[in-house]
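Below: one structure, written as structure tokens.
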Amino acid sequence: MPVNLKLQSFEPLIIAFCCNWCSYAGGDLAGTSRMTYPANVRVIRVPCSSRVSSNFILRAFQRGADGVVVAGCHPGDCHYTSGNYFARRRFLLLQRFLEFLGMEPERFQVHWISASEGNRFAAVMTETTDKIRALGPNRKLRDTR
Amino acid sequence: MRRIGVFICWCGTNIANTVNIEGVTEAAGKMPSVIYADNYKYMCSEIGQSMIKEAIIKEKLDRVVVAACSPRMHELTFFKTAAAAGLNPYLVEIANIREHCSWVHKDKQEATGKAIALIRTAVAKAARNKELWATQIPVECRALVIGGGIGGIQAALDIADAGFEVDLVERTPSIGGRMAQLDKTFPTLDCSACILTPKMVEVASHHNITLYTFSEVEKVDGFVGNFEATIRKKARSIDLEKCTGCGICWEKCPSRVKSEFDEALVMRKAVYVPFPQAVPNVPVIDRASCRRFTREKCGICRKACPAGAVNYDQEDEVLQKKYGAIVVATGFDILDLDDFGEFSYGKHPDVLTSLEFERLVNSSGPTGGRLLRPSDQSPPKNVVFIQCVGSRDKSRGKPYCSKICCMYSAKHAILLREKYPEAQAYVFYIDIRTAGKDFEEFHRRAVEEYGALYLKGSVGKVFPDGDKLLVKGVDSLSGHAVEIEADMVVLAAAIKAKSDAPQLARLLGISTDTHSFFTEAHPKLRPVEAHTAGIFLAGACQGPKDIPETVSQASGAAAKAIILLSKDNLLSNPCVSEVNESLCTGCLSCIKVCPYGAVAEKTIEEKIHGKALKRRVAEVNEALCQGCGSCTVSCRPGAVNLKGFTNEQIMAEVDAICL
Amino acid sequence: MKITTQSLCGTMVKEIAAISGENVAKCYQCGKCTAACPVNMAMDILPHQVLRFLQLGLVEAVLNCNTIWICASCFTCAGRCPRGVDLPGVMEALRAILLRKRGFSRFKAGDMPRVLNKGMPEQGIVSGFRKYTK
Amino acid sequence: MRFSYYPGCTLKTTAAVLENSALKAARALGIELLEQEEWQCCGAVFPLTVDEIAPFLSSVRSLAAAKDTGEKLVTLCAACHHVLKRANHVMKTDKDVCNKANNYLQLPDQYRGGTEVIHYLELLRDELGFSALAQKVKKPLTGQKIAAFYGCLLLRPPAVMQFDNAENPSIMEDFLRTLGATAVDYPYRTECCGVYLSVQNEEIVAGMVEKIINSALRHGAEAIVDACPLCHYNLLELQQKTTHGKLTLPVYYFTELLEEALGLEDRAEEKMAI
Amino acid sequence: MKQLSEILKEVAFGSLSSGEAEMVIGWQKGPFWWQSFPAFITDPGGTGSLIWDPFSVSNLSKYLLKEVPEKKIALFLKGCDALGFNQMLRDGRVDREKVLLFGIPCDGLVDPARVEAAGLSKGLLQVKKEQEELIFYYKKGQRKAPARDFYYAKCLSCRYPNPVIYDQMLGEAVPCQPVERFADVSKLETTPLEERFSYWSRHFSRCIRCFACRNVCPACSCRECIFDLAEPRWLGKANELSETQFYHITRAYHVAGRCVDCGECARICPVGIPLAELNRKFIKDINELYGEYDAGADLDKEAPLLTFKTDDPDVSSGS
């Protein structure tokens, strides 16, 4: 699927790393409840938001993602007790750092979505897609070859 | 080159309606390493599964991708399918093209495109999947129960009845715990001792239970199925074998100290059994108050003992034992009321805590069950009960509800009337909480049949006035400030965690909440398990609880322990972290982020330039690791990797998804 | 009595919260404040009822009661409140609204000689001024 | 031992007895109390409204001045102590108010709550020490049964004042015992005397005082001591109102007893019955 | 400084001749006035060549990684070096038992570029420091100038001029008047997004991926760097900006909460990328979000990325 760089018909590619226990299940619930959100979003399942390394996020941008979302259990509800607390620190620092380097903050987002929040999952994915569609294609951190 | 097979499910019309199955199958067939692609109406059906099995065998597939519903739904099904065809189940990947695709997108072209991308991603990951095997961990078929109250007693009995050996460790000289201090129990008003004592005796006589009273757990190492505990049997100074429990020693003992069991309302001797029904019914010498030990004088008890059981030279004994499971049932304490001076507790003898009141109405208590005022030994006529003293109080006490006070205050109001039909009970309450079987009925009986006057409101202050206690409070329903001349005031002091609970938690590697209660693994679905595998929780050490709840939780904890002990081996989740020692720098960041204490430090020896060199590296205990992968991210060089979700696999997924 | 969303979060309710810095929703009506209050016998609305009225949005009723003028700011209630509600602060906010906006003044210069003659310490007079007038 | 000292208005007028006896005793105890230059009225009541800062400012000025000398700030009047201690607490904990106050006052150095405010009683207990004080007692008040009256302002709100256990304090009793007296424990010792209500609602205050006095008497008190000019006025004046001019229980400032026990001055009989 | 230089030789000689240490790592003068190289001396007789001068900038502790000592290695630590040493200690990369540390109080070192910029380098033979002044020696005559004018920027913002860890301290502790270190970061933070992006792109595009910044860094002490791994291979060999960005983000992220702010990365960079600003952005954010933390100094505190509080600021963004 070649990414069309023309703004008018631009459809962003959004990669969502979802923890298995809350956010991925929330995504499943969005499905079972037949909610809709844009097909731009592609989910990668990880056990916990604390499994998501900055390397994966940077790699995604490099390979052409226009937006990256990390989604995990709400703080305090982590299946592994404390994983998302560590993730919260790691990603807040990364987010601020990427912004410091000139990256639009909207392009890298972190959300807490529980297994019961199918609606929230759909809403987050829709909003994110809309925002990033408005920003246009990502050229920063991207491999231009 | 891999030989990957892709199987696309229609899920009836669920997927097929929005995803062009033929198009997807064709695209999948062209993906790298894919040598076989097919589709079927219901992949999870018998026929669908046979299709996969056949293809695995016929096409010599070494990886399988099933594009169907969520892996949370049927991953295990397809794992079994692959295993049945002789393929390691961990070589199967699922592409979720239903919940994450066909069900959430309307446009067929878009959904088809996305389905292809998801399959491509799964294929890319599958190509890097490795065979994984669950390891077997042998289980030590013995349980340790810490705490000999009703929770620990119940858990020990249940596990022992299931045929496993149990060691029950109790810190005080006797088992029985808080329940032994109680008089009657709500809502049935049966006598606490009458229902507890037989259980205590059963523990003592059970062939599978070894009782360690006056003992403490000092250290716990190991992990689920393989704990090793160090238990200190404190010197009792009395020979358990020789003593007959005749009681001459404590009759003769000249030292008197406040009785812990009787909430300091009376004195006990330095050599004592805490209460008449104690198990074992063998005294201990409290060396801190015994003249033999404090002043090196005396020796009366040794002279008096007809069995020659007194042994001043006895020393602590330290045992090391192995266990497969641990049940923690260490109970609770009562909030210290120093900050609640307005109630004059500790200043006036007739202001009591509910537990003290319990001793005063108990027939084995200081007054032989005749409820008398400590000040002048007269029967009280007006008794004011004040609930929520320190409970639901985030300023001076504990923000939580202590849960049992509403019920025991009603019980006390009833017991008061039963002792003295002319006496009047006043109960100040904020809210009445009677959520339990027959609880509301019990509370109403206290009001309607036993005439307790319930006042919704609080007490501002208790003013001792001559031999009366002037209680100033408010009845908020009538909107009047009220004054009651009471003979006795009883405070429902909040329940709190044992003050040394955090130490025990550290020792066991389990966690506590902000109030030092032990935390359960999941508040709804795993309420009797601690976060650390193999450790279970029972009773008020996990949060305020009444007796039936404690007993249920204890039986639940016991059942969980029995499930564990009845296995010869434990199968571990193979998706756990592993350390590449050659990459490991030994910074040990992974240890810091592991919620399960599953990573440890180890020293390895290497030859460098011909020299044998020792260096530290991290090591994952696969039995403890739950596979969250937090350690992998803390590891900068990528020496720690999570099997099933390796750096290589996720990177391949990212690359494939972006194509 | 009709309760509406408007009355529950009217501007006056918000103003009281802003002046006192206190959230009346913290109160769970245990009555400790009233029970503790040394001057509750002289009040027409009891302290816990003041908070209840505010929770119900009945601001005028509490502005018109004598309770807010009887409150001696002795902080007994605040010291014992299990929810940590600063009731003296709420009382002060209610007084402040009357003094600042509605021209209330319960202590006039003309009252001065009377109190001075009694040998009332300055502390008492200044307190009176601060509490009763703007 | 050297401290900054904040007197307050009342101590210069109606409660001069309190100040004079306190200063005299301090001198005898070798404690140097340096009266702040240009102190202003503390405002008598702590401003409970959080939307204005003007009432804080005079307190902040005194606190900042004390910080400049690097000394702890000693107070004597319970009201001044209450106001200064709480204002300091706000300066320490409420960044917003603190910034506003600093901006408004334009002090040479920013003030952020660095001064420690202690009451004269705390000075005796924590700085000098009651055991050291006991050494200096020349005329012990042996046999005198004295009730301590704490009032509100020193104790409450406990989280901020940190003066003593608010519901069961002991500092004044310990003080009395140090002077050789017998401290009378009675349940009303921490109740409110009615404070400024005596400006308008004398009858309420009279009722409150009556309970306090009666309780002290019933528990065998021969005199009552306090640390607050307004408590003092209420206990003295309104006691007589209920007893028709008869003074059933003499009222003293705690410093008067201190002065006497140190052998500096006898309690004048006339002070007992104004 | 002359005096300190002598003490340094003495202790080096002492520790080698007594057999306490088997090697001394110190500094030696190179052929030019601005060269002070690391020296590895095993023979007591060789200690006479050791020096301490305003150019002894390299952090010697990183060389410990290459050595497998039987006895101890003695080395000299400046304030910044000591922080780095502590970080290596925390990472388990050095064995405290196997080193003998001589602390050197240091109020700043001279940046040869500033000497050059001041037009003082022509014919310059030697630079010496006396008290607060530098003396520039030429064939004919000498010149004097205030030393602080020639210090590295990183030295001007130094907060730990005196070593926080040592076995023996050489010389008197020096006072510390650091200039605000986050000024540049704060300024960048307020510039428009696109301007920031082009600022960094301009810098990153000059990167030749020599990895000197990594190699010099006391917090980058992995046995094998993630960028040297064959599998997974995160970086290609081509000169591609996105890969350079990947490298620099990851390098800075890997030292977040661990960087001791010694400034060596920026100093060593042959193309002058302001790498310290990247590190300081993390330090500044960590300080703001999780409380002040000085890696290498706050040894009793847990590293900020290896701990958490339940009420940490949230990352979940509606933005």
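Each chain gets a letter, A, B, C, D and E, in the order it is written, and its residues are counted from 1.
Operating definition for what follows: contacts are C-beta pairs under 8 Å (C-beta built on N, C-alpha and C of every residue); 3 or more make two chains touch, one makes a residue touch a chain.
Values in this document were obtained by computation on a predicted structure and should not be read as measured data.
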item: Remaining touching clusters (ignoring chain E, no chains moved); value: one piece
item: If a chain touches chain C and chain D alike, it appears here; value: B
item: Farthest-lying chain, centroid of Cα atoms versus that of chain C; value: E
item: Chain pair with the higher count of C-beta pairs in contact (A-E, B-C); value: A-E
item: Per-chain Cα centre nearest the global Cα centre, belonging to chain; value: B
item: Chain whose average C-alpha position is farthest from chain D's own; value: A
item: Rounded Å distance between chain A and chain E, as computed from the means of their C-alpha atoms; value: 37
item: Distance between the centres, which are taken as Cα means, of chain C and chain A, whole angstrom; value: 51
item: Geometric centre distance via CA averages, chain E-chain B, whole Å; value: 49
item: Residue list for chain A, restricted to those that touch at least two other chains; value: 54-55, 59, 82, 86, 90
item: Touching two or more other chains - residues of chain C; value: 41, 76, 80
item: For chain D, residues contacting two or more additional chains; value: 166-167
item: Complete list of chain pairs which touch one another; value: A-B, A-E, B-C, B-D, B-E, C-D
item: Complex contacts: residues of chain C adjacent to chain D; value: 18-21, 38-39, 41-42, 69-70, 72-76, 78-80, 86, 88-89, 91-93, 96, 106-107, 111, 115, 118-128, 130-132
item: In the complex with chain C, residue positions of chain D that touch it; value: 8-10, 13-15, 41, 43-45, 47-51, 55, 77, 79, 152, 155-158, 166-167, 191-192, 194-201, 204, 207-208, 228-230, 232-233, 237, 274
item: Touch list for chain B against partner chain E, complex; value: 582-589, 592-593, 608-609, 611, 613, 616, 634, 636-638, 647-648, 651
item: Complex interface listing, chain C residues touching chain B; value: 28-32, 34-37, 40-41, 46, 48-49, 76, 80-84
item: Residues of chain E defined as touching chain B within the complex; value: 68, 70, 90-93, 221-226, 229, 231-232, 254, 302-303, 305-307
